[in-house]
Amino acid sequence: MTSLPIPNRQPGTPRPLGVAAIGYAFMGQAHSNAWRTVANHFDVPAFEQRVLVGRHAEAVATAAKKYGWSETATDWREVIARDDIDIVDICAPGWLHAEIATAALAAGKHVLVEKPLANSLAESESMVRAAQAARALGVRSMVGFNYRRIPALTLARRLIADGRLGTIRQVRASYLQDWLADEESPMTWRLRKETAGSGALGDIASHAVDQVQYLLGDTVTEVSGRLHTFVTERPGPDGPEPVTVDDAAWATLSLAGGAVASVDVSRVALGQKNALRVEVYGTTGSLTFNLENPNELYFLNGTEPIEVQGFRRILVTEPEHPYISGWWPQGHVIGWEHSFTHQIRDFLLNIQSGTDPSPSFEEGMGVQHVLAAIEASSAAGGATVAIPALIPLSKD
Amino acid sequence: MTSLPIPNRQPGTPRPLGVAAIGYAFMGQAHSNAWRTVANHFDVPAFEQRVLVGRHAEAVATAAKKYGWSETATDWREVIARDDIDIVDICAPGWLHAEIATAALAAGKHVLVEKPLANSLAESESMVRAAQAARALGVRSMVGFNYRRIPALTLARRLIADGRLGTIRQVRASYLQDWLADEESPMTWRLRKETAGSGALGDIASHAVDQVQYLLGDTVTEVSGRLHTFVTERPGPDGPEPVTVDDAAWATLSLAGGAVASVDVSRVALGQKNALRVEVYGTTGSLTFNLENPNELYFLNGTEPIEVQGFRRILVTEPEHPYISGWWPQGHVIGWEHSFTHQIRDFLLNIQSGTDPSPSFEEGMGVQHVLAAIEASSAAGGATVAIPALIPLSKD
Amino acid sequence: MTSLPIPNRQPGTPRPLGVAAIGYAFMGQAHSNAWRTVANHFDVPAFEQRVLVGRHAEAVATAAKKYGWSETATDWREVIARDDIDIVDICAPGWLHAEIATAALAAGKHVLVEKPLANSLAESESMVRAAQAARALGVRSMVGFNYRRIPALTLARRLIADGRLGTIRQVRASYLQDWLADEESPMTWRLRKETAGSGALGDIASHAVDQVQYLLGDTVTEVSGRLHTFVTERPGPDGPEPVTVDDAAWATLSLAGGAVASVDVSRVALGQKNALRVEVYGTTGSLTFNLENPNELYFLNGTEPIEVQGFRRILVTEPEHPYISGWWPQGHVIGWEHSFTHQIRDFLLNIQSGTDPSPSFEEGMGVQHVLAAIEASSAAGGATVAIPALIPLSKD
Amino acid sequence: MTSLPIPNRQPGTPRPLGVAAIGYAFMGQAHSNAWRTVANHFDVPAFEQRVLVGRHAEAVATAAKKYGWSETATDWREVIARDDIDIVDICAPGWLHAEIATAALAAGKHVLVEKPLANSLAESESMVRAAQAARALGVRSMVGFNYRRIPALTLARRLIADGRLGTIRQVRASYLQDWLADEESPMTWRLRKETAGSGALGDIASHAVDQVQYLLGDTVTEVSGRLHTFVTERPGPDGPEPVTVDDAAWATLSLAGGAVASVDVSRVALGQKNALRVEVYGTTGSLTFNLENPNELYFLNGTEPIEVQGFRRILVTEPEHPYISGWWPQGHVIGWEHSFTHQIRDFLLNIQSGTDPSPSFEEGMGVQHVLAAIEASSAAGGATVAIPALIPLSKD
């Protein structure tokens, strides 16, 4: 791979990369926290948190102060036009992703965009085209499937890629939450199809599907799926309103390499708080993981004598483990938020080295295709739906 | 309910119930062990282990001696004709269930038959008809879904029936084993469709489906499913032979009461030994269970203050728990095999009190219908298949 | 070792070994159940459950019927005098152990005695002398530290003996129960020093101390300890009575080989039901165990690459594991009670082969010495107390 | 309590508090990270990270850049003399604590000092005197037992203080690590008595002892203890050198309120990485915690019906839980390092409100007294040693 020059940068005049972030709600806070933290722990190219962008001037000012952004703005168009901005980090809601990302890429800015890539396949495609055009000019793009950078899951990928599990046969991925378990929990934009696109499917099944493809280094070819809404009405300001997205989803996925994965997700699984669980079963080894204990990976080596075989709990906090050399001594666990810290570290290193980040927009669109196929299958009573085989997985 | 006289028994001349068991392989051993043990721990009507029946005279003699059967026989027809036999316990392979059970019921013997009820729906129906005719004469019948009598699962049913979980929304049931993970594991009758009927589906998904219906006291109305065989050839005595049953199965089930259940099973999930896991999510509480730790039930009470909410590990070994008063002091766990001990206890008590056991043959056929629908859905690429709504759940 | 003839048995006229059991309370039931079960699962020499002995004729008759003893008796002296009795299994309270065991051994009967060996060191010594005299005549004796035959703990011993842990540095053994947590729980003979000898110390610390010595194949040389009674009065029939034994005990033990063990036990640890936990830390590996999940052993292999190191959960249900070939297929767990089944199997095999069982009375007395030293240390405010170094560990 | 004016500050001219930190090794990094992070998540008075102090100019410059300190210095005396410094955070090794802290307090600076308070009791006393003198002038001081601010342990304290456990009978506290398990791990200043004071005792038993006193709101009155060094020589630059501190320690502690606590710690417990485990048993409830899963607290409510009693896993990530409202939505766990973030938040709030922080230097000295008594008891072969009853626990 060739190291391309950083755009808008003249050789010999290095200056810190200028970063703008758009959005300051939950994801905006998580990304801001990562920008604020990353250089404390990792050697990354110099950068500055220049501008935080949001619609409400006062709120964005408060947020900017908290997370160390130098300036604020309410118009993202002005910001992406600025010469001193090199990176645009898009944490706005999904329906804004396509417009902002294509504009920013066209302006020669490196773009990190939160998952899911977009709310529709059409939007995703426009983003992929923009990313491909920009890539040819050395402009980088990445979609924020941050859980790839949980050290335990990065280690899982490494063990699988190294053949420690043999040929993978089955994956069981689920993501269970309960923040909608209470039927009196009020109506929001997240529960309307026109604003959210889908419910648990886009929000959390997207993570599960990405993990399946990431861990196996493989792509889904066809699916059968089902969506269900358990609470069909919720209180709005003027009385009950219909919920038009799913509370839960189930699917089986066929992968090109022959594995079969099941995915099921729910936002009404009472008592499960953030349980992204992944189980991978191969011919010579197996792995399990649960995001509620993100520093642990369970690994079974099926080639050992049966007398001492068993799932071992690896506390993924050793210097030999991915990303951990930037952190604390062994046994001192890190939190959920640092999946974002690692994501930004890698994104910055990609920019520095002139290499393409992963997950790419193509990978993000690949996940969108799988989600769309699950939705189509559900509408067809579970009938198998094929995934268009267009999207090459980027190398890593 | 009316207490009917025990057949072949004259009032005033009580004699111990005579028991014959047919089969001495894995299930035959498990049942024999239960007959041998039940009276040590529970007050049951007097009975005698009279005859153990098997095809190979020598092997059956060895088994009979081990498990305390007084006599042996190789012809089950002769045995069910004997006047001193009141109970026939059928542990023979599934393809023999219908013939033996219908003959024994016709001969006025109480029948306990191992699950699955039969290998085909047609056979199941003949058995149900035989059971209904016999029932009218006070002859009892039961199908051996023994996991209903694991104390933790009996407790789970009780908590759900008592409303501790509110309205059930979701069930996640899986049954993972790995005894076929090795692709060099040889061909057997269990891997041929003509002898086994199906693979993981009939063998272990049957338990998972029964649990779904048992715990919720509800019936499945429609399913979408998928079967898959990962190892399509296995070594036979004369070279590779094709495997014609499934290694794994996945399904979503709709229940009459509105809940949705997922079921997935595998016999190639490396490292999982006997992991029947059940998770039940209701509007006010949740439960989880894993058969590899059968003395534990995890319960979350969603009505408590959020500050102290969490899944609690109930060690189901207190005298207040189902069946435990027959066992040891608290904390002294019991094994897998006593699900059979409890099953025989209850079967004997049903005979004594003249009441109908549960699960009935109708319930066994209900499970068969669900399995058949999963198979049909799989053949149709996942399309939804409805369950004929004929089978009333017996009361308990 | 020389295989001695079975006493009272003429060559060429083999008859089943005649067994008498004394006591039918909790331990009597557990032993009876084991006698009833052992031959179902293991190849053992022929034996017959001839006589159950107890003080109350009616109660012993009921118990005998439940557990399959042919006869009952109220006078143990008559029973041990019978020619058709070869084995005496002593489940009576501790204060009767010495008298019965010495008489039975003198009568040429093989003796299995429940732990602890006796209530006093003086009694223990008389029993050891009796056992040594009898041993010279081919009469076998064993003390019932049944947890040595929990398959997971037998496996633990094997892994340690095979050097899988390197040199052992530390052991942490605790035994926590809560059946005395309620201060209204009434006064019993177990809470009076004159009948029980001690409280948690003799009852459960004895198991913990035995495990330390068993697992390491080593002996304790000195101790520092503390006893404490949290509930100093309990309701008796005529008002409050003083509790004169300990509710809890703590000790550190030095072992001859250089390891240090801590032991702590309690019967008021609310929520802990039967938690005998053992942790063993060596130079190259570690093990942990908890009796509430007795089919699991956790093992860490410290010689593996750090990246994949971790405690693995071994589900000790494989045919390769100790005792399991007599049981069920993998993953089908067994209960607490089968530690007794295995104990009787091994005792019978020792009798058959003319070898000495372990744990011997000497080993039982070794544990008593440690317990006495803990008590002495506690009385001396924790000062170190040495163990008399007289008792050789029997080989196994 | 009276809110005193912040020293060196004139009414009406608020300026950010100036902070200096001394030390940039492990603890220096952890504290710096907390200073860098705290305002992102919590409303705290304005402050500036002014100066990082360390002996090696180059290394301290690198560290300062990473963690956002404006300036660096190599002479702490000059720094504490500066008018623009209000807070001195001491992360230097223990043998420097007393000198720096007393000087800083005398200069009117608020002082946060890492635990243990000092290496000797004499030093601790001088620090307490300095703190008391400063306190009278409104100058605040705090010792860094950061684990009190792990949300799960703060919640534990709250539940105990609220009476949810009834009267506490027993505490079991242990802290197991393995970073010294390898006997080839080289000699360092931490393994010499003259520099480190003690080994595992001061390093990690200090945390365990502090937790016992903190959680119970009680003080230790007497102890019996033992220290042991398993690896007595380690490689130095010029060959083997003697290790003069303990690898492991064990103790029983009596508390004024009648509870008994056991404490045991080790740095050679192979496979245990950072396992500070605490178990608290009361008359009506119990708690357990393990620092390797710091977001979880296990709670048993002994007043519930026995049928559903069990230890529940509380995932301490709800907004209702201590400190969590500053973090992420439920289920999104935080890491070890934020115990320091919370500590600094509270320290800043104490400064703002003119209240005294806890743990105070007196509390830190209380822990030192217990550690010294354990050491004395060990030297006396385990004999009980009383704690001088001088140190009142500060209120909170």
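Residue numbering begins at 1 within each chain, and the chains themselves are lettered A, B, C and D in the order written.
Going forward, a residue touches a chain if its C-beta (ideal position, glycine included) is under 8 Å from a C-beta of that chain, and two chains touch if they have at least 3 such contacts.
Here's who's who by UniProt: A, B, C, D = Dehydrogenase.
Not measured: the values here are computed from a predicted model.
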| item | value |
| --- | --- |
| Result of counting contacting C-beta pairs for B-C and A-C, higher pair | B-C |
| Repeated interface matching A-D, over half of the contact pairs identical, chosen among B-C, B-D or C-D | B-C |
| Chain centre separation in whole Å, for subunit B relative to subunit A (CA means) | 43 |
| Separation of subunit A from subunit C, taking each centre as the mean of its C-alpha atoms, in whole Å | 55 |
| Whole-Å gap separating subunit B and subunit C, where each centre is the average of the chain's CA atoms | 36 |
| Sites on subunit A at which at least two other chains make contact | 272, 300, 309-311, 315 |
| Touching residues (chain side subunit C, partner subunit D) in the complex | 169-170, 172, 174, 181, 183, 224, 226, 228, 230, 248, 250, 252, 260, 262, 264, 266, 268-272, 279, 281-286, 300, 302, 309-311, 377, 380-384 |
| Contacting residues of subunit D [partner subunit B, same complex] | 155, 159, 164, 298-301, 305-315, 318, 320-321 |
| Residues of subunit D touching subunit A in the complex | 26, 30, 32-33, 36-37, 39-41, 66-68, 177, 179, 272-275, 291-295, 315, 317, 328-338 |
